[in-house]
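A, B and C are the chain letters, set down in written order, and residue numbers restart from 1 in every chain.
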Amino acid sequence: MTHAISMVNVIKHYRRGRESVEVLHGVNLEVGEGEFVAIMGPSGSGKSTLLNLIGGLDRPDSGSVSVAGQRIDKLSGGQLTHWRAGHVGFVFQFYNLMPALSAAANIELPLLLLPLSRVQRKAKVAAVLEIVGLSDRAKHKPSELSGGQQQRIAIGRALVSDPPILLCDEPTGDLDRGTATEILDLIQLLSRREKKTVVMVTHDQKAADSASRQLHVDKGQLLDAGIAA
Amino acid sequence: MKYFPLIWAGLTRKKLRTILTLLSVLVAFLLFGLLQGVNAAFSSGVSGAHLDRLIVQGKVSFTDQMPLAYRAQIAAVPGVTAVTYASWFGGYYQDPKNQVFSFPVEPSTYFSMFPELTVPKDQVEALAKTRTGAIIGKKLADQYNWKIGQAIPVKSAIWTKLDGTSDWSFNVVGIFRDLDNPSQEMSLFFNNDYFDEARSFDKGMVGWYTVRIDNPAHGPAVAASIDKLFANSEHETKTVTEKEFTQSFLKQLGDVNFIVTSIIGAVFFALLFLTGNTMMQSVRERIPEFAVLKTIGFSDGGVLAIVLVEGLLLAITGAALGLAGSAAAFPLLESVVGIAHLPVSVIALGLFCAVLLALVTALLPGWRVARLNVVDALAGR
Amino acid sequence: MIRQTLAVAALNFKTIPSRFWSSLVIVLGVAGVVGVVISVLAMVTGLAAAMQQAGRPDRAIVFRGGANTELSSTMARDTVTTILDAPGIRHDSTGHAIASPEVVTIVARPMRSGGSDANVTLRGVGLQGLALRPEIHLVAGRWFKPGLRELVVGEGAERQFAGLDIGRHLDLRDTDWTVVGVFASGGDAHESEILTDAETLQAAYRRNMFQSVTVQLQSPESFSQFKDALTTNPQLSVEADRESDYLAKLSKGLTTIMTLVARVVGSIMAIGAVFGALNTMYSAVSARTLEIATLRAIGFGGGAVVFSVISEALVLSLLGGALGAALAWLFFNGHGVNALGGNFTQLVFRLSVTPALMIQGIVWALVIGLIGGLFPAIRAARVPVVEALRTM
C-alpha cells in the first residue's frame, strides 16, 4: 500500500549560533490516505519541524520523506515551492490571513498559481465557502470576523486547490473551548468526507482526541508509530 | 491581471502611509518637470539652429558694427551661397519697458535666408516697395492690436534721426509667423535703406551678417576664410555658426544647467531616502504574510516580483501625476523660457527616473523577501 | 504639564535610535529644502549687494533720453559740456566739475572655465573718473596713463576671464592694449569691468560719442536741482538717475526672477518635506501606540503627549535645517557666480550666506516640523486608551 506520507530514518539539525542541535534523531513515520493523525509533544520537541518536513518547507539532513509516492527530499527549493502549491494545505495557529483582502480573496490566493480562469476560481472559492460554512461572510475582511471564523477561512484557503494533504500547526491554540470544538469538527469532516490526509500538531489533549491516531514526539524521537486502537 | 488584488492589498495596508509617499513622489516629479523643462527649453534653442548658417559679427564685441561694403567680399568666399545682414535697432513702443525687437534688413535677401519666417511673397514685395514699411510677427501684432495698413510709431533707444529725435514711424505691410520658434514672432523687420538714410550717425554700417553655406561640414573653414579677409582691418570680424552663437548667449545666462541639476539632485536624494524607508518598513511589517505566500506555493521570484510591482506602481503613479501637474503649469512659464509646452523628452526622462527610483528602493526589501526562510519567519525569528 | 511633557519627550527621544532611518528622512528632507532656499537667496543677496554697493545717493548718472542702459545711449560732446555746466555738481579746488563723461563698450573674452567667449564691459572714464569713485583702489600693478593704450582690470573680471593678467596684450579694433593693473572696489559691479581712459578709447574706436556722464553731486539733496536743470533744457534730451536707483533698476529683472524661483521651488520642496515628515511621525506614533496608551492610563495628559510628539518633529527638523544651512554656507558662501548683467555683460558677484538668510532657513525648517508633527500628535493624543491597550 502506498502511504500518503512516509518518512524513513529522518535526521534534522538546526543551527543555534555556533551550536548545531539535532532536533530529529532518525524518525520513522507512515500515514495512510485519509488518516487524521495528531502529533503531540512538549515545546522544543521537534513536532513543528516534523510538520515542516512533511510539507516541504524544509529538507531533512538525511533520511527520506515521501508524499503520495514522491520523494520530496530530493526536490530543489524551487521545485518544492512548486510542489507545495498543489499538494499541501497549511493551517496555522494565528490564521495568517492577509488583513487587506476579503475572506473570499484570501481563500482565492492559492488558485492564483494555477492556470484557471476567473470564473473557475470564483466557483471553487464559492464551493469552499460552503464547506466551511461562511458563504455569507465572503466579502468581510479578517478584522471583521471572529477568531473561529478567521480560522475557518484559513482552512478554506488550505482546501481550495484541493490538496490531498492538510497540515495543521496548533490550529486551536488561539481559540476558546467552544470554537475549538467547531474547528476540530470541521477538520474531522474534511478527513472523513473529503478524504483528506490530515496531520495536526498540537499540545492540547482534547484536540488530539478528535484524531484517529495519536503520536508523541519527545526529544526528537517519534513514539507510538503505528495504527492506534 | 489576476495578481492585482494582492498587490493592491499590499499598498493599501496602511493607506495614509501610501498616500503620503505618493504625494512626496508627486511633488518631487512636479519640481522635476518644471525645472528640467526650463533647462531643456534653454538648450533647445541651440538644437533648433540651422546648421548651414553662419553669423559674422564684430570681433571685439558683437555690438560693434561692420561696413556694408563687406558684403561683396563675403559673398565671394568659396562655400558661401547667400549673404544678408541686419542691425540692432533697440526699439520700444511708447515706454522703454515695452521693447519691440526691430531689425533693419534687406527684404530681397533676408526672408529667403530665414525660411522659417513664414510670410506671403507679396508682403515681402510690399516691404521692398514701401520705404517705411514693416513686417511684424503675429504675436507682436496681437499684443498691440496692430493690423496691415496701420502706421505705428516706434522709438529707438540708440538711434537718433537727422532731425534730432529718435521717433521712427513704420507702416505695417505684412505679418509673419514662425512656427518652430514662436518667440521670434515678437520681432519687427523694416527697410535698411530707410534706416541708413534717416539715422544721424554710423551710416553705411550694419550690425551683423548672416551667411548661408553649401555644406554644414564646411562651416569652420568658411568662417576662417571670412575672418581672414578682414583680419588686421579696422573692423575685424568673428564668424561662428548660428549654433555656437546661441550657445554662447545661453552660457552667459549663468549656469542654469548647474543650478537645475543640483536642485533636482538634492530633491531626488531626499526622495530616494523617503521612498526607500517606506518600502523597507512596509515589507518588514508584512514578513509573516510573505512567508505564508511562500507556504502556499509562491516562488522566491514571485514574491520579489510582488514587491517590485508595488514599488513600480507607487513610483510611476506619483511621477505621472507630478509630471502631469508640471505640464499643466508649464504654459505659465512661457514668458521666461519662450516655449509653451513641456517637452516630451522631459516627460520621458521623468518616467524613466521613476522606474529607476522604484527599482532601487524595492530591490533591497524585495531581495530580503525572496531569500526569506519560511520556517524561521513563521516561527517568529 | 511642562514636567509631563518633558518626561514624555525624554521617553520619545530615547527611542529615536530604534527609528533611526525614519528620523533621518525628516532630517535630510528638511536639510534639502533649507539648503536650496538659502543657496538661491544667497545669489539674490549677493547680486543686490554687488549692485547697491556701487551706487551712492550723492552720485548721479546721465544718459540719453529713452536709452535703458548705458550701452544703448549715445551723447555728443556738446551735450556733455552742457551737462557739466548744470547746477548741483560738486567742483574741485581748481573749479573743475567732478564728473566723468564715459565711453562704455563691451569686449568678448574667453571665460576661464569652459573657454567660451562671454562679454565684459570696457569703460573709458574721464580724467575725474577715479577721483569720482573713491571706493576703487589698486590691488596690483599701476593705473593707466591717459593717452596710452593701457587697461586696468577689475578683480572680478580678472578672476572670471582668461588673458586679463597684468602684462597681457589685448587687440581691440586693430590697436594694441596692455593690462597694467588690477583694482578692487568692495565687490561691487565695477569689479566686473575693465577701465581705461575715455579719450584714448574713443580715438582707438574712431568714435566721438560718449555713453554716459557720471557726476558727483554736492549733496544727495542736490539731485533734484541737477535733474530739473537737465530735463527742462529744450536742447537736451537726457535722463538723469541717482546711481543707486539706476543700478537697482538694472538688476531688478534678475533679482525678481531669482527671488521668485527661490520662493516657488522652496515652497514645493517644503510641501514635499512636510509629506515626508508626516509619514515619519505617523509611523513613529503608531509604533508607540501602546506606550502612549499606557502613559495615558497612568495619568499623563493628552496635552503632554501632543507637545512631546511635536517637539520631536521640531528637533529633527531643526537638525535638518541646521545641516542644510551649514552645507549652503560651506559650499556656496563667497562662491563667485557669473550671471548676465544689465548691459549684456557678465556680472560677477559673490554669493553671501548671511546670518539673516540662515535664520530664514531655520524658520522654514521649524514650520515644516510643526506641520509635520501636529497632525500625528493630535492623532496620538486621541487614541482611545482602552482600545489601544486591548489590541496589544
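Convention: contacts are C-beta pairs under 8 Å (C-beta built on N, C-alpha and C of every residue); 3 or more make two chains touch, one makes a residue touch a chain.
Computed from a prediction, not measured in an experiment: that's the story for all the values here.
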Quiz item: Which chain's C-alpha centroid is most distant from that of subunit C?
Solution: A
Self-check item: Most central chain, judged by mean C-alpha position against the global CA mean
Solution: B
Self-check item: Intercentroid distance (Cα basis), subunit B paired with subunit A, Å
Solution: 65
Self-check item: Distance from the mean Cα position of subunit C to that of subunit A, given in whole angstrom
Solution: 72
Quiz item: Hey, how far is the Cα centre of subunit B from the one of subunit C, in Å?
Solution: 26
Quiz item: Tell me, which parts of subunit C touch subunit B in their complex?
Solution: 21-22, 24-25, 28-29, 31-32, 35-36, 40, 64, 66-68, 71-74, 105-108, 111, 114, 116-119, 171-174, 206, 209, 237, 257, 265, 268-269, 271-273, 275-276, 278-280, 282-283, 337-340, 344, 346
Quiz prompt | Parts of subunit B lying in touch with subunit A, wherever the complex brings them together | solution = 2-3, 5-6, 8-10, 12-13, 288-289, 291-300, 374-375, 378-379
Quiz prompt | Residue ranges of subunit A touching subunit B (in the complex, touch as defined) | solution = 48, 52, 55, 57-58, 77-78, 81-86, 90, 92, 96, 98-101, 105, 109-110, 112-113, 118, 121, 157
Quiz prompt | subunit C-facing residues of subunit B, complex | solution = 16-17, 20-21, 23-24, 27-28, 30-31, 35, 59-64, 90, 92, 96, 155-158, 160, 164-166, 201, 232-236, 238, 247-248, 251-255, 259, 263, 266-267, 269-271, 273-274, 277-278, 280-281, 336
